[in-house]
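Just below sit the structures, each encoded as structure tokens.
In the two complexes below, chain A is the common chain; its partner is chain B in one and chain C in the other.
Moving on to the complex of A and B:
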């Protein structure tokens, strides 16, 4: 077997399992030993203007895009049936791109805010920086793939979904992704890195349900020390 | 209890040894037919779409008596990595490339040196026969009708679904004249595909089991029916005659549409949260300044 084949086996046949094992063991262990760190540690109190333009597009964007990936993974045949009419395909792809770009803009705003404001930088850890960079690679590669290697919703259902199912059913079949363009491979490998790094980052807040932040009315957090003064 | 465990362990070892002995005997007795059948199936799946044995040229050369044209070691190296041989500028590999109109043989996923040797054994054995089972698939050669072209276009776009469940071509490919956003760009532009691969017969044969590394795993489970292949070939031949601009601006159009949509959604967010909490100190300071002016 040539070196390139070993590398493919490692990246697409072994890395996903390493990432999943780290994800499950890490999240369980962290919840058992440090349950109160299951939070994203909001910094809204320190800066409120750019926070809105980072948080809102990032969260709504990523939720829709992730939901799209999950639907394509669970219902590939139905998705192909929906895309069976070019107009429906175009509507789906443009919508997905809109939310992908929202995620990218939200993420860039968040990153600039994190690094550009001294107060926010103080509460930013090394793990946060690594995570933001991984997410940036993930989202930027996703948007690039969507634009340059269209139509992702259809070929994901035909090629990526069977690959992911082969991983889930413990019978990895990497032939589905071997000849994919470089940027698609970057997207897959980086996704594994994000999943593997997940337990050590603020991303764990995703697992703390219920999560009414999506629909609740905005809340203002104020310190009330009146009783202490008295 | 200890005795029971030892007895059970011995029984397991005995059973495993018997299974191993029986398995070995079966493997030793069976291999020529089983391996031969498996290699023939492998050839059919991976090679037959571009090569015949004694049936003439398709996209790639007729493989009848190929081992008389080049030595075994060269053939194994070529089968394992055709692109590498061409990159090195091997004269015979370059001749094959020229005769194949620039279509590079796809590298076959999971192909080993042993498997390549088995394939060459099969080709030698089939070459010795008067009529090989891989002489080539017979396709209808009736002239294409407008209905064929129309049906092919519908299959390409996904409006008519492939009967065995394969994904529509537009998922990954485009052809000239599809409209505003065109087709997919994961695979190559198929506008001149018929010309590139050498015409109707090679293209039809290729579509029976598409042999590129990306398409093969997908269409292995969902092969196309002969009537569907005929319609698609009719559509591809017709698309080659299309004139006008290609749709190379389609990705830019797609990106700009996405960008406009994103700006609209950001505006929507701003409007939805227009009463959002913005600051504590700034309004107080602004109010104080106003009172000072009064």
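Moving on to the complex of A and C:
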């Protein structure tokens, strides 16, 4: 095999597993030993105006885009069927692009806010900067792909989804990826980096979304007695 | 009847001299860490004034607490739907600008400055960024009515006062003020607890102290918006919310909280109240004018055999019931009814009560002479320099009756004592006043004693914490011995 093939094998066949292993081991270990550090580390208190224009587009944008990826991964056939009708394809493509751009705008606003306000700079760590750069590459490459290689929702279902499934089923088939354009490859490799870096960043707040909140009673009382008398 | 015990508090405002010793005692113990510099778990505000954070009582702006709509109550801006939608940006959260940017001074410059024609000065430096800052405001910027045209006149409690009343209140040389020391109220229906998406906030079952689980807090920040008293603070460094813990490590070991212990004016009282936890929801739904009576009706009589029996069933230890019998708070709140909850209209059912302050009589006559003689016994309460309406906005949900009752009783006790010690009032007249103020001679003596002569042990009746019943005490002592006392303590920090 040539060097390029080794590299492909490394980037698309090995790196995803390294990333996933780091992700699971890292987050679990951090939760067990350093629960205190699981926080969204909000900086709204220090700056309340720009915060809105960064956080809201960033979060709503990325939530929709990520959901799109997950749906395409889980239900590729249904997605292809949906896209069979051009109007539905256009609607999907345009809304995906809009939310992608929303994410990008939010991310850029956040980055500018991070570096532009001295108060916010004091609560910005090196890990934050690395993370923002990774995310920027991820979102920018995603948007570039969406613009330059149209009908992504269809070809994702046809070739990216099988690749991802091959990773999940522990039988990596990188041939799906090799034929893809450069930007898509960047998107995939960088995604692995984000996932691998995830446990060491503020991103862990995604894992502690407030789930019992919606159905718990309003008031919380904790007893420090061995046997609750009530 | 579900009996629970609550460590409750009374602040006697007539005795507060505004010395801020309480604030300093608290700060030195709990909030001198990075990220907490700006927090004042205990602070003392000058009233009329805008308080801390600025205009915290303005719920049009901060949208804290509960509100009653169509017969049911909900959090004003932090109910579940709105928290989920606004979790990325909390629209009603105060920012550091509403408090102040903490600072210190560049003292090193006094030693290290190069020789020059001027004396070196210690310039203020931000404790957030470390840069030089131009200090424009800070906590207690309006202390003792400093800058009152800007601050005092913006007090939200001036709502509903007539033009004339405002004019009198702010006329130079007739200015009047009192102090309002504030800590967390450790409410029965806390908005902060109800709003937390992570369920990190909780009320301790045994003594009702409201705490934030630092390991569960994820910085969703809803408690900061939800607390109408703005007594949960956001630690911008660790990304966790923090609040007054009523010095629980001290209370558990039988000591008064630091702010109580250090109080120079001896204005603070602490003791147990037994309450009926089953009725909290019902009382929180009452109309505004019935809230104070309703809130008071939650408090149970520890001498009532039925209550004692119910307390036993609910697992409240006999020693705590005994402690409740000696509670100074019970006397002020339930027996004498001269201590009132602050802003009960927020419906969080605060368990810190205030004895409203007396103030000098208006003493305005056409010929500019001071004349305090009147046929009316309580004329100086109606004509007090602090308008009743102002006190009613603070302590009576806008209704004056409860405040008037508390002030009349205090006044009658004073006149009664005056008759005994000074003699310029006849005992007959004093007793007439007592009767008019719904107060017996015995009660007057008791109020006098607990107000003026109170010893440390009379002011602070701290219930036993029964740590011997705590969960950790049920563990195998051999195993527990192996797992404690050796290891590494890590200070709080930001992220990994």
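Note that in this section the second predicted complex is superposed on the first by the 210 of 230 C-alpha atoms of A that agree within 3 Å, B and C clash if a C-alpha of one lies under 4 Å from a C-alpha of the other, contacts with A are read in each partner's own complex, and residues count from 1 in each chain.
As a working rule, a residue touches a chain if its C-beta (ideal position, glycine included) is under 8 Å from a C-beta of that chain, and two chains touch if they have at least 3 such contacts.
Small disclaimer: the values here were computed from a predicted structure and weren't measured.
In the overlay built on the shared chain, the residue A:148 is in contact with chain B alone; chain C does not reach it. By the touch criterion defined above, A:224 lies against chain C but remains apart from chain B after alignment on the C-alpha atoms of chain A. Using the contact criterion defined above for the overlaid structures, shared-chain residue A:55 touches chain C, although it does not reach chain B. Once the two complexes are laid over each other on the shared chain, residue contacts for A:175 go to chain B alone; chain C is not touched.
Of the two partner chains placed around the shared chain by superposition, neither chain B nor chain C is touched by A:10.
By the touch criterion stated above, A:66 is placed in contact with neither chain B nor chain C. Applying the stated touch rule to the two superposed structures, the overlap between the chain B and chain C interfaces on chain A comprises residues 48, 52, 56, 60, 218, 220. Interface of chain A with chain B (complex): residues 1-2, 48-49, 52-53, 56-57, 60, 77, 80-81, 83-86, 89-90, 93-95, 97-102, 105, 147-151, 154-155, 157-159, 162, 173, 175-176, 178-181, 218, 220. Those residues of chain A that touch chain C in the complex are listed here as 30, 34-48, 51-52, 55-56, 58-60, 118-119, 121-123, 125, 127, 200-202, 205, 208, 210, 212-214, 216, 218-226, 229-230. Residues of chain C touching chain A in their complex: 2, 80, 83-84, 87-91, 93, 95-97, 101, 128-131, 189-190, 193-194, 196-199, 201-206, 214-221, 224, 234, 236-240, 280, 313-315, 469-471, 473-474, 492-496.
The residues of chain B lying in touch with chain A in their complex are 81, 109-110, 112, 157-159, 161, 165-168, 170-172, 178-181, 183-186, 212-214, 216-218, 251, 254-255, 257-259, 261-262, 265-266, 269, 273, 276-279.
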